[in-house]
Every structure is written in C-alpha cells, then in structure tokens.
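Look for subunit A in each of the two complexes below; its partner is subunit B in the first and subunit C in the second.
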Partner chain A sequence: MEKIIGETKKAFITGNEAVAWAALAAGADSMFGYPITPQNEVMHYWTRISPQYSRSFLQTEDEISAGFTVCGAVQSGKKSFTATAGPGNVLMQEPFGMAEAMRLPLVAIIQQRGGPSSGTVIYSQQEVTLTAYGGNGEGHRIVYSTSTHQEIYDYTIKAFNTAWKYRFPVFVLGDGYQAKMREPLEMYDPEDKGIEMITPYPLIGLGGKIGVDREPAHFCNIYSMEEELYDVVMQFEQDYEAMSRDVIEYREFFCEDADIIILAHGVVSRAAEDAVLILRDMGIKAGFFRPITLRPFPGQQLRDMLSQVKPQKILVAESAMGQFAKLVKNEIYGENIPLETLFKPGMGIIDHDIVEKVRSIF
Partner chain B sequence: MLLPAMPKSWYLPTKPHKFCPGCGHGIVLKALGEAVDELNIQDKTIFGFDIGCSLLAWDFFGCDSVQTHHGRTTPVMVGIKRSRPELICVGYMGDGGGYSIGSQHLLNAAVRDENITLVLVNNTNYGMTGGQMAPTTLPGQKTETSPFGRDPETTGYPTKGPEFIAAITSDSAYVARATVSKYKQLKRYTKNALRNQMENKGFSFLEVLSTCPTNWKTNAQQTWNFLEEEMESTFRLGELKTPFGKGVK
Partner chain C sequence: MSLVRIALAGEGGQGVQAIAEILAEAAYHEGKQTIYIPNFGIEQRGGVSIAFLQVSDQKIGAPKFYKADVIIALSERAVARTAMYSDENTLFVHDSGFDPSPEDLPPVSKQVLGLPAIEIANTKLHTKVFNIIIMGAVIGLTNVVTFESAREALEHKLASKFENDPRLRELNMQALEIGKKMAEESLWEGVEHNA
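Up next, the complex of A and B:
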C-alpha cells in the first residue's frame, strides 16, 4: 500500500477533508461525484490531492450516474467511492440497490442535510431510513453512523475493508456539522495502526482465454422466477446475518447502574454523553447507549444491556421525527420499559436539550 | 467457404436465445459476435446490457458481461472503462433505455467523449413491457400508450439519436445508423464502432433499426415493410461521423 500520510500526525480540518484523506489512505482508486451541499468539499479535496497519487475523479451528470459509475469501477476491480446528501441520496438509491443486488463493494459517504425535499443544506439525521433501508430491497447494507472527525476518518478507512470483505454496500453516515466543522483528529496510514487493507479484485475482465482457461463471468440482477429471486435474497440474508456478529459496533457509557438510558446515534450521541455527565452531577443516574452500526443494528447487545440494567425509562434523542426510534423499537419489541422521545427534525441537539428533557420526565 | 452458423464469441450453453420469433435483436447480436470474432477481442470485451428486451442477452456472449438498470448501462460502462482502459466496453440498449430514461447519461457521455461503444436497438416501442410508445415511435404509429396513433402535436416527433449525438461529439467520435435489413452494412458499422474504441478515438455510437412483430402485431411481410419503408424513410441510414472516412470498408 502506498503511504499517503507518512508519519501519523494531528490535523485540524473539516470532516469532508478528512474523508478525502482517509479514502486516499485506504487505497481508493477513484471517486465519482456530483455537487451537493454539504458534501462538496469531499470532491474539492479529492480533486486537488488525488492526482498526486494517480487516483482519478469524474464529475458525473447526476447522482444516479455517480452511483452507477462506482458500480462499474468496483466491478472492474478497483476501490471506488462517492459522496452525497439529501436529494442526491434519494437519487443514488437506484445504484445503491444494484450494489445490494449484485453484492458490489460500493462505498458512499452520506453527509445528511435537512429534508424533506431540498430541505436545508445544513444538518439533520433524517437520512437514516433512506440510507439503511432505501430502495426496493431488504436493506442489506452496512451503515456506520459517525460522531467525530476522528470517526469520519477511521470509518471511511474501515468502510473500504468492510465493503471488500463482505461485499455489501457500505455507508459512512455523517451530517452537515461533521462535514463542515473543523475539529482536531489524528491522520494515519492504515498499516501504521496495524490495519491490513484488503486488496481489491475484479469481477469482470478476469483475463485468460474465455472458453479455454475459464467460463465467461455473467452478472445479472433480474430473475425470471419467484423461486430464483427468493433463493438469492435468502442467501443474502444468511450472509448478512453471518457477518453481522463481526461488523456490529456500539458504545455504552455509564449504563451499569442507570435509571434512565439515553439512546442516540451520530453527532447527537456527543450531546448525550455530555448530558449524562451533567445529569450525574445533578444526582440523576443516566447512561447512554449508542449504536455505531445502524445496519446491522446492535439489537441483541441493547436488549442484553436493558435486561441487565433494568432502567426505569429510555429516552431516544435524534434530529429527525423518529427514524432512529423506529429502529430501536423494532429491536426491543417485548421489553416493558417506558420510552420517551426528543425529536428535533433537521435541528441540532445539544447537551442542555437532553438534560432539560430528562429533568422534565424524571 | 463454409461459414460457421454461430459466431465463436457467442456462448453456446445459452442458445437458442430468448428473443421472440421475428425479432431483430438476434441479427444485431450476430453482427456484434462476428465483429468481436474478426477483431479478436472476445477476451477483453465487456458487455453491459440494459433493461428492456436487451437484458435477454445478459449471458448471450462468451464475454464477461453485466446486466444493469433501465437506462444506466452507459454510466456502468463509463465506470469500468475509466478504471480499466484496456477493456473494450460495449453498452447494449434499446431506444427507451438510451433516448428516454438514460438520455442524460447518453448525452453527457457523448459530450465527455467517453471511450466506450454503445449499440442502441431502435424498434420504435418498449417491447419488454408490452409495446408502449417510445421516443422513436413514428407519427401515427399505434402503441399501447398511443392507441390512436402517436400525435406529434402532443407527444412530439421521433428522436433522431445519431443526428443528436453527431452534433455534440468530437471529430473523432463514431456515429452511425444501420438496419437489420442490410446485414453487410450493419456488420461493417459494428466493426467500425468497436475499432474506434480500440484505437482510443473516443465515443462510438451505433443505432440499429430493428423489428418487433410481437408488439407491432404484424406478419412477416408487414414487419419487413414497416422496417424498410416506414422506418428507413424516417431514420436515415449511414455513417454520420467516422474517423475512418465514409464508405471505407
């Protein structure tokens, strides 16, 4: 692997810049993208830095094309990625669906903005359902919800490995704050942290003489019979379940003796973490649980924690009208714990908001 | 000389093919197969097949191939070609996929002079979905969604793809229109469309006029008449742009 960062170093940069550096360090060969705020600077940095390392970029005619060119690039055996947000994420659901159906190691960075429609260019957590379950399929995707620039960097690198190891499309779900703010982080080449990057391999253009050395490689995503498709989807489901154990990531904080568990993901989990400390100072035993992978969801881990801790209440906090809460409820069906919510669609949530909410219900 | 019945680059386990009797796809695919054979590029050719009747060819060739989404074959081929320039990338699509749902991909790939070859089969309707009006449906032609005949007043005139591609491509692009009724010309154009990519000259586009008796609801004679008389008088045959010099064989 080509060294990009050299000596591990501290940087004070935007999340979008962190994405570009991380993709380079992960060995991405190409980016295909279409302008949309707040992910633009991923392309801006990539187009400036990547030529020095003979990596390529194409600004496509739209997000549909950006997604499909990435599909083509990964089929040809190269690490490739795109980045988008909001309405662009809507358009990319079509190529993301093909990546799901053909098990393509596509990587996409999603910097959530406000919705519905054009919404705002600023921030939200309203692309959870879309990113995790968009398209006309079963959500056979891996979604990392990051909360800091360090995580943006770490999980962008990890996304390429997860994608090429398990052959499911992988998403790094950030947001406008994480995209545009500057924050300190440590940048490194994966090898220096003991991370072995997976070497990509082609699915087509396999070389050799067809008919002599090998059969042709034919790939399709459409089937004639119900049974054929059923078998394919059930195999995906089986593979997805099998890899989930290795892929699921989450974080617990002060849960052991908590009377109230705050559930949050992404950048809101930072507010939740601070809120827990403030509430503890006030004498309220709060803890928080944060899924890092929204797909696959750490459902069993959450249930295990709840049944052990037996909190009096759960509070779900998110910058959307319950998209994350739906995932949570789906996982804890049957639990008998009152669930409170703090929903602020398209609005930031700070520690104070959570503290106030907890005090009002506790 | 006794010629083989099927091109060497056809994949025999998937024959006979799945197209309707009287469909022109088999002729277009035969020209493609023979062109691939004669240019000796079977092992490095990647086919992309669009949704529509085109998808029935997804495992047609003894070449690596990818069936994509409706209209999206062009960007998939662009992604492959840009990543692996040594491969010969051929997108295969219908008039709906190319001129309607995939038109912005077609237009922009042409403008960028992407070094890929697109073969678009024009049979004046959406065949796979049951015979709806296409961008290429002729004025007055009856389809499932223009049951009283296409009215240009409300739905416009047929899309003339090669003319529009020729207007926006570089000088070294290859743009032509052939027909399944003139096989020698079709094969010559097909080879030129592939050679142009092999020589890294840029975008190559071939439209092929084809037949659809199932949805036209025509017998053999009516089918051929519609192709040779109606279609070929609206869609002019020939090489609109060729770096090889017109008429060069």
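Up next, the complex of A and C:
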C-alpha cells in the first residue's frame, strides 16, 4: 500500500486534520461530504492533500446525498467515508440506515456539536443516541468514542478495517473540542505498526455467471414479507453478537479497590482520569471505566468489574442529559448499586466538576 | 513548569486565534504539553473570539478550563465576555485604549492591568502587528514560552510573508519585543502600586 506518512512522526495539528491524514494513511479512495461546523476542516484538509495521492472528493448537494454516495462508492469497491455533525448527522441517518440494511462498509466521522437543532457549533456529547441507534433499525453499527488526537488517528484507521471486515457501518465519534483543538500526536503508516489494511473489494458488478459461477450479489433494503425482513434482521443480530467479542474495547483505571466508579466516554474521559487522581490524593478511592466502543457496548466487562469491585456508588458524567447513562443503565440492569449523574448538555466537563460532584455525594 | 491557563479574547479579526496558535506551536517545539482550542460563535465576521491555551510539563486533561491564570481582553465586549473566567488567582489584562466599565470587569481577580498595545501599534509600529504586541505581552506576563522559541514560531508561521517583504520581519520582531517589555514593566509597576 502507498506510504503516506513515511517515517513515523510527531505532529501538532487539529483533530480534523488528524482525521484527513488517517483516512489517507488507511488507503481511503474518496470522501463525500457537505460542509458543517465543526467538521469542515476534515473536508478542507482532505481536499488539500488527497489530490497529491490521486484520491477524490465530491461535495454533494446535502448530507443525505453525501451519505448515499458513500453507500454507492463502497459497493463499487472503493474505500470511502464522510464526516458530519449535528443536523448533518440527523440528515445522514437515512443513508446510515441503508448501510445497516445492506451491510455496507461505510465509515463516518462525527464531530458532535450542541443540540437540539443547530444548537451550537462548538461541542457536545448529544449525538450518542443518534450515532449509536439513529435510524429506523436496531443500531447494528460500530461506534468508537475517541478522547485524544492520537485516538482519532488510530481509530479512523481502524474504522476502515472494522467496516470492511465485518460489514457494519462504522463511526468515529468525536466532538467539536477534538475537532478544533490542537494537541500533539504520532502519525504513522499502518503497516509500520504491523496493521494490515484490508484491500477493498467490489460488492457488485462481479464477474462470472450468476447461479453457475457464483451466488447473486443481492443488496436489499426492502422486503415483501415481514417474515423475510425478520429473518434478515435476526441474522444481522446474530452476526453483530458474534463479532462483538472481537470489536469491543474499553479502559479501566484504578478500578480494583474503588469505592466509587466514574463512568465517562469520549473527551470527558480525560477529565475523569484526572479527577480519579485528584480524588485519590484526597483519600477517596475513585476508579474509572470508559467504553471506547459505545456500540457494541462492553456490558459484560462492566458487569464483571462491578461484581468484582463492589463499589458503593457509580457516577455517570457526560456532556448530554443522560444519553450515555441510558446505555449504561441498559447494560447493568439488575445491579444494585446507586447511580449518580453529572449531566451538562452541550457543555464541557472538567476534572473539577467531577471532583466536586463526587465530594458532594461521598 | 506547572500548568498555565491563558484566555485571549478580542473582536473577530484582531488576531487572537493566530497568536494563540503560534504560542501553542512554540510551546510544542519546546517539548511542552500544550492544548489550544478556539471558541467560536456563529458569526462570519466580528463577534467576540476567545482562544483557550494551556501549557504544561505534564499531560493535560480536559481541553477547557473555567478559571484562567491570565486573561487578555482586547475590546470592551471581550472584557465582559471573559470576566467569568477570572478568580482570585487571575491576572486580568485589558487594552488601556478603553476604560472598561466596572460592571464588565471581573468581580474577583488578582490584579487588573491595562496595556497600551493598540496605542503603540498605531503610533510606533503598524496596526497590523497589534496582535504580535499582545503575543509578546503574553510571554512577558507568563514566560509560557521563551522569547527565542516565540521568534522561531513566528518566523515559521509568517515565512512566506517575510520572504515577500523582509521589512515585515523587522516590524513583527519589534512588536514582539515591545509587547514583552511593556508587559514586564507593567507587572513591576503593578507590584509597586500594590506595595
């Protein structure tokens, strides 16, 4: 595969720029998009650097079209992706649903902004439900929630492999802070880290005679009978469950002896980790659990940890009014641990907020 | 160096994002940990623009902060907009070309300082290096990066402009130096004043 980065190097760039470089390094052929803050610079950087490597870009007439164009491009065997945010993410749910229905290796970068509606152009964690379970389906999607520029780079590369391996749409869920801020990261070509990139393959227009040389390539998003659809969705569910073991990622930090477990995801995990250290200095045994994949959710891993550690309390912290907490509660139903919350919809959360909250409930 | 948190605020177009970016670059090249995040509204032009900059020797957690060590507000609206980021440890700096109204100033701060950056830019240098004076002032107030690495980062950022017009290099470097000195002197005066 074409080397993009060359020698592994340190860089000091925005998250959006990191996405563009990672997509190039991952061998993405094309991006289809429509402008919306705070993801615009993903497009800007892609359009600036991709022509040097003969990759392509098309700005479509809206987000619905951008999403469907990715659906088309991947069927022709091209690694393609899009990036969006907020109301753009809302509009893209229809093509994302098609990608679920047709099992297309679509990759989308979501840089969450404030909502509802146009909300703010700045930051939130309010697109969790939308990204994980949007559309009129069952949320057969893979969602990586990143917290640093290094993770944005790493998981953008990984997203392409996960998509082309398991054929579920894959999302890298960032936010406006991660999109716009500058911080250091290491950029590399995947093979230099021992990562083998999956070569994309056409899904349609294949050679040979149908029924003789091969099965028909049948990509369907509508069925005549409810039994047909039922069988298809149940098969998806089975495939989804089967791949979950390999795809689930999470991080534990000082959980072993914790009296209180802080649950956070994405950029808020940074504040949560710092809060754990501050609280430990104060003599409060705090620990931290972070799902990196929000879909599939590390539910069993969380349950196992809780039953082993037996904390007195759980605190869920997020920049939304409980979208992440709903995922958590759903997974730990039946556990008998009091659950406290720190919800700041559309607002950043810093270590101080979490420390104060823990002190107020402990 | 422990964590230093700086908020730079001005009218859109005054160049606060540009200097925050250059300062962050300089810190990065010094091997420090740094995060720079722009706060931007929905205006295409104008409006108050704030740059949040953090520099430290240690890994930095949350990209945002509530209370800054230093705030520099370059317009009256910017004073009102950034007052909430001030607490008893904050050095609150505004341009002395205007007198901020008392209700706009932060209720709590360590010190409020006026710097004649706009005046000096207009009378001694050039209006377009106003933000570089402020960049120098940030260094004078915080030592967040060395003067030398700030010069290098500035050189790097404006390389093509300097190539087209070498006089610009002189002008920018002068502005950086004047800003730094102005801030250092004001701090001393402030100390005397307090004493």
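By our rule, the second predicted complex is superposed on the first by the 350 of 362 C-alpha atoms of A that agree within 3 Å, B and C clash if a C-alpha of one lies under 4 Å from a C-alpha of the other, contacts with A are read in each partner's own complex, and residues count from 1 in each chain.
Assume a residue touches a chain if its C-beta (ideal position, glycine included) is under 8 Å from a C-beta of that chain, and two chains touch if they have at least 3 such contacts.
These numbers were taken from a predicted model, which means no experiment stands behind them.
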| item | value |
| --- | --- |
| Partners on subunit A (subunit B, subunit C) - clash or fit | fit |
| Partner chain(s) touched by A:I350 [first = subunit B, second = subunit C, both, neither] | second |
| Partner chain(s) touched by A:E340 [first = subunit B, second = subunit C, both, neither] | neither |
| Touching partner for A:D239 - first (subunit B), second (subunit C), both, neither | neither |
| Touching partner for A:E331 - first (subunit B), second (subunit C), both, neither | neither |
| First (subunit B), second (subunit C), both or neither touched by A:T69 | first |
| Touch count on subunit A, higher of subunit B and subunit C | B |
| Spatial angle subunit C-subunit A-subunit B, Cα centroids [nearest 10 degrees] | 110 |
| Subunit B versus subunit C as contact partner of A:E94, first or second or both or neither | first |
| After superposition on chain A, the shortest CA separation from subunit B to subunit C (Å) | 26 |
| Interfacial residue positions of subunit C with respect to subunit A in the complex | 21, 24-25, 28, 33-42, 60-66 |
| For the subunit A and subunit B complex, residues of the former touching the latter | 29-30, 32, 56, 58, 60-62, 64-66, 68-73, 75-78, 80, 94-95, 97-98, 102, 202, 204-211, 216-222 |
| Subunit A residues within the subunit C interface of the complex | 12, 37, 121-122, 177-178, 180-184, 267-268, 270-271, 273-274, 348-352 |
| In the complex with subunit A, residue positions of subunit B that touch it | 11, 42-44, 46, 48, 51, 55, 58-59, 61-69, 72, 74-84, 87, 104-105, 107-108 |
